[in-house]
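To keep things simple, chains are lettered A, B, C and D as they appear, and every chain counts its residues starting from 1.
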């Protein structure tokens, strides 16, 4: 097969770096233009010292011209910057947007949560979600999910799809700090982060909330209420999502639903009964580790999912979707074993 | 006033060390016998190198004899070791148990969660809980609360006491690893803990669950269902408890209830509206940082509390209760400012 | 005694915050004006959430006027900002500069390392250095040492002063990230810092080098060559300085020299033989933990010192010097026990 | 080519896990028996949850019989356990020992540092060391170097081999905690490690010292004095070695020597001038990041090397040597890009 020629816009950031890290091990890809905003003109090695093989590549400006001539363009840009750029890329180019611009189907939800004009929605890049994979095969446009919605949707959809949980879910998800990107904000400084846990975006105000609602309501066939609390913890990568919903099902029924939902999924690993996930086991892998149980005293189903927010949560999902879009086997080039300890 | 002469059983562990750290700054205390189990005969400095002032103290065996002759004895022992020992200490001695042996009122709950015979319950050492402070003044016996129940009970009781939340709460609480004590278990090794988040004791099986149920049911006047998921995170100290419950109250009503509940509490700090707690701000302090809001989309009240699990969660609470028990001002010797960053 | 009325310029930063944390426990101090640069007009609680007792204080502009009317003014400003301001404060006011402006005696060294005009030198705030304490008693001006020079000078001076080591020292010192202050630089982001060790300022180019040379040459009575390599590590606070120099002395002679040097020092703790320091034991304390040995195979003396860079390395030293300057007992209000684990 | 059939003894530990992680991506390897000591009979997934592809493999006892029938046997055992076992494996089997048993050539040095009888030395598995690669091609026995000696030898040998540094080196090397293995020791607990830096094995008593002396003396052609201080830091993986030696050479001469030494080395990356290594950039990669300069004031050459102690420091080196031993291209299956941030 001919090599797939790719470009990455936003190559100096964490999402762009992760896409490149994975593509460097991809057997069917040739890495073309790397572009950036303020860092254009500098060497990639200054920003991504771990990507030795590309250290001397010079970053170009992010423009339709520099991105032209590639089969696939990955957009790893701040929210709100993808839509206008994507509109200037050819309709025959596969465009994979790691940002939020094309995730929400509902224009009103977009306005409420992000403001400005809705750019429309693209096929949603979570192949494991019922119905999603088919829409991704051969597509020219992909909206890569947010990292939290990835973990949370996979943790809860089998129960909701099977009618084993009530449509009112409560989630506290703990994340490493790379999820916030390379933003120079005081609360993201190492000295502030290490030794601390902090809640943020509490009370349903985090922008990933409507995306979780969209995913879960879609599979449940009715509106699912989502109470979502994100917590920042002192580690670079990893999300652990603690999810629950009222249930009257037995643990056995629930487990069966999860086993069935993920039986053929290469990247979702339902752990042996009684074993709970750790994010370390997913480091650098495109894998979800998952466990589920029922707390009969509390009348709730509890599901916990662990992912690497930069891999399955961003860059790995992007590459997985690229594989589907260009007709390669879905798992090509993607690691399923983590780096631990 | 005459100095209060104290002894600490279990001085080589984390809880015992924290009690001693705080007592070293207490103006009215004289530190007597320090005892240990397997470490008896060694210098305290080998186990607690940060406690310079006591470095050369030799640890005695933990026996009724070595603990005799003190006004106050702190028990910082593994669960199940306090009851028999306490029974051999004089009735006129103040005994403050940092373990679980005397926390649960319900003997059946004790049997179910801890097994063995119930040793009876002692006044519960969370003075901020309605009704608790009076029982602690002048008492000779104190059951220091668990670290999770401290954070969670304070985060939720004002809403439940005021009838502003339904008696069905969901909690995910993230903790630093000192909460597990100095246990030599593989999953507590630094290489396993750093860079990882892991859920444990999921599905209502953590032993702090019945204690939380007891506290919240007590203030609500009816049984409160508690769904509790603890998460281990890579930091030495700190608990961040993310708590929620269904509500139809307004944010204003809720805030008013919390302001009223904690108006006179020296160690509970309701943060300014919109500011969410970080555990770093509580490091080494006997302080709870708290925030609450209402998520109207999800129909839930969300309260988040941060504490230092070893200070307000264990050693600080023990000293606060000692002050009440011996008739000193409650805040004597206790820091309210944290060590940050 | 009348309360000492103090002001802090730069109260929103790490150094200013640590000075305030310590002064809040100081029995003889009254906290007056708190000033800042860009953060003037905001509440201190926004910047120092751990300092509950001062949370509602509003930060003033840093000007001679706002700082007037205090007995002691602490300057916790970026390097180069202290000299001009100090010149406008009354000659009868005690000014304690946590910055570098007045540390170097040699104007040529100042020009080479910092550029610009030398503002002159002030009494050097490391009382444990031979001769330094007397110059600090009753002084109106103090130059607080850099954090690295504090650890390194104390680790090495007894050997050099006693002629037990050759005047050519090699130091690698590892630090937590608060030493860099609250600077918004990419390499200080949590995601970059956690899980990484990095050398910086290598090859004798770190600005603390001339200060170390000055201190050690002073006690040795001849120029001491200093090879200094700083390393950034993933923790908020702490410096561990690994120092060595050629020696032909025995371990016994060396230990004796150190025991003698620090026999009466309240804040320098020479550990029992064979025990090596950990920074955790010094967290939040104004204490140096120290050990020394001789490696006969390599012909070198090895000394290792641990401090908290913000306490003994900055804020604690500032308060210790204030005590000397205003005539209080040197240890007043200063913790010697750390917060661990 | 026929697949290389491998076995791993000690598959439940950190070194064994890393060997397996790398072999899972190796195109020419088939993974056979996995053995353990106390964990025999359990699933690998209990010990290495990140190695999904092998999760259900049951660990066998470590015996000559279970290890028989493989082309290559990796020994990832505690020091002292390899020699007797290796003697029972066939002479035609490639045995790669990740332990120390066969690293030292000098029997007297072995006795002094490890005690007991010297098992003899095997070809030393650091192909980048002058002369080492040839001895590894086609060999049936490999002694994988220690993690510290790997970083330190590569950082210093070009200068010593070229006569550009005096044979008296000073090294402080900082390491993550996985270097100590999965030992259940109190000082390795997460709560002790996080937030702390500690020196250990100071004064030339760390067992890696004679190995460093052997390597550097070999290239220098005379005895090199080595002063080595290891420091434990709060991260799971990574070694940063800060190395120096007296020099009168210019920075240019030194750089030229390093460029020449590593010009054709696939796994040693001399960074652009002025850029200093970070361990994060090497995470999970078989790569050394290196920089060198001259501090003319101090008269010393300073070289800093960063590696992942489990990859290039152990498991990656083992696989690199396997490739040489069985006649595969040396880089087969080995990652050179790290996982960051």
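Annotations
Please note the rule applied: contacts are C-beta pairs under 8 Å (C-beta built on N, C-alpha and C of every residue); 3 or more make two chains touch, one makes a residue touch a chain.
These figures come from a predicted structure and were not determined experimentally.
Listed by label, the chains touching subunit A and subunit B alike are C, D.
Listed here as common contacts of subunit C and subunit D: A, B. Taking the mean of C-alpha positions as each chain's centre, the chain lying farthest from the centre of subunit D is B. Between subunit A and subunit D the centroid-to-centroid distance comes to 35 Å (mean Cα coordinates, whole Å).
Between the CA-based centres of subunit A and subunit C the separation comes to 44 Å, rounded to the whole angstrom. Across the assembly, subunit D contributes 14, 176, 178, 189, 191-192, 194-195, 234-237, 278, 280-281, 283, 340-341 as residues in contact with two or more other chains. Looking at the complex, you find that subunit C touches subunit D at residues 168, 170, 172, 174, 176, 189, 191-192, 194-200, 202-204, 209, 225-229, 231, 233-240, 242, 244, 276-280, 283, 291, 293-300, 302, 304, 306, 340-341.
Against subunit B, in their complex, subunit C makes its touches with residues 14, 17, 21, 24-25, 45, 48-53, 178, 194-195, 236-237, 269, 271-272, 275, 278, 280-285, 287, 289, 335-341. Those residues of subunit C that touch subunit A in the shared complex are 14, 176-178, 180, 182, 184-186, 188-195, 234-237.
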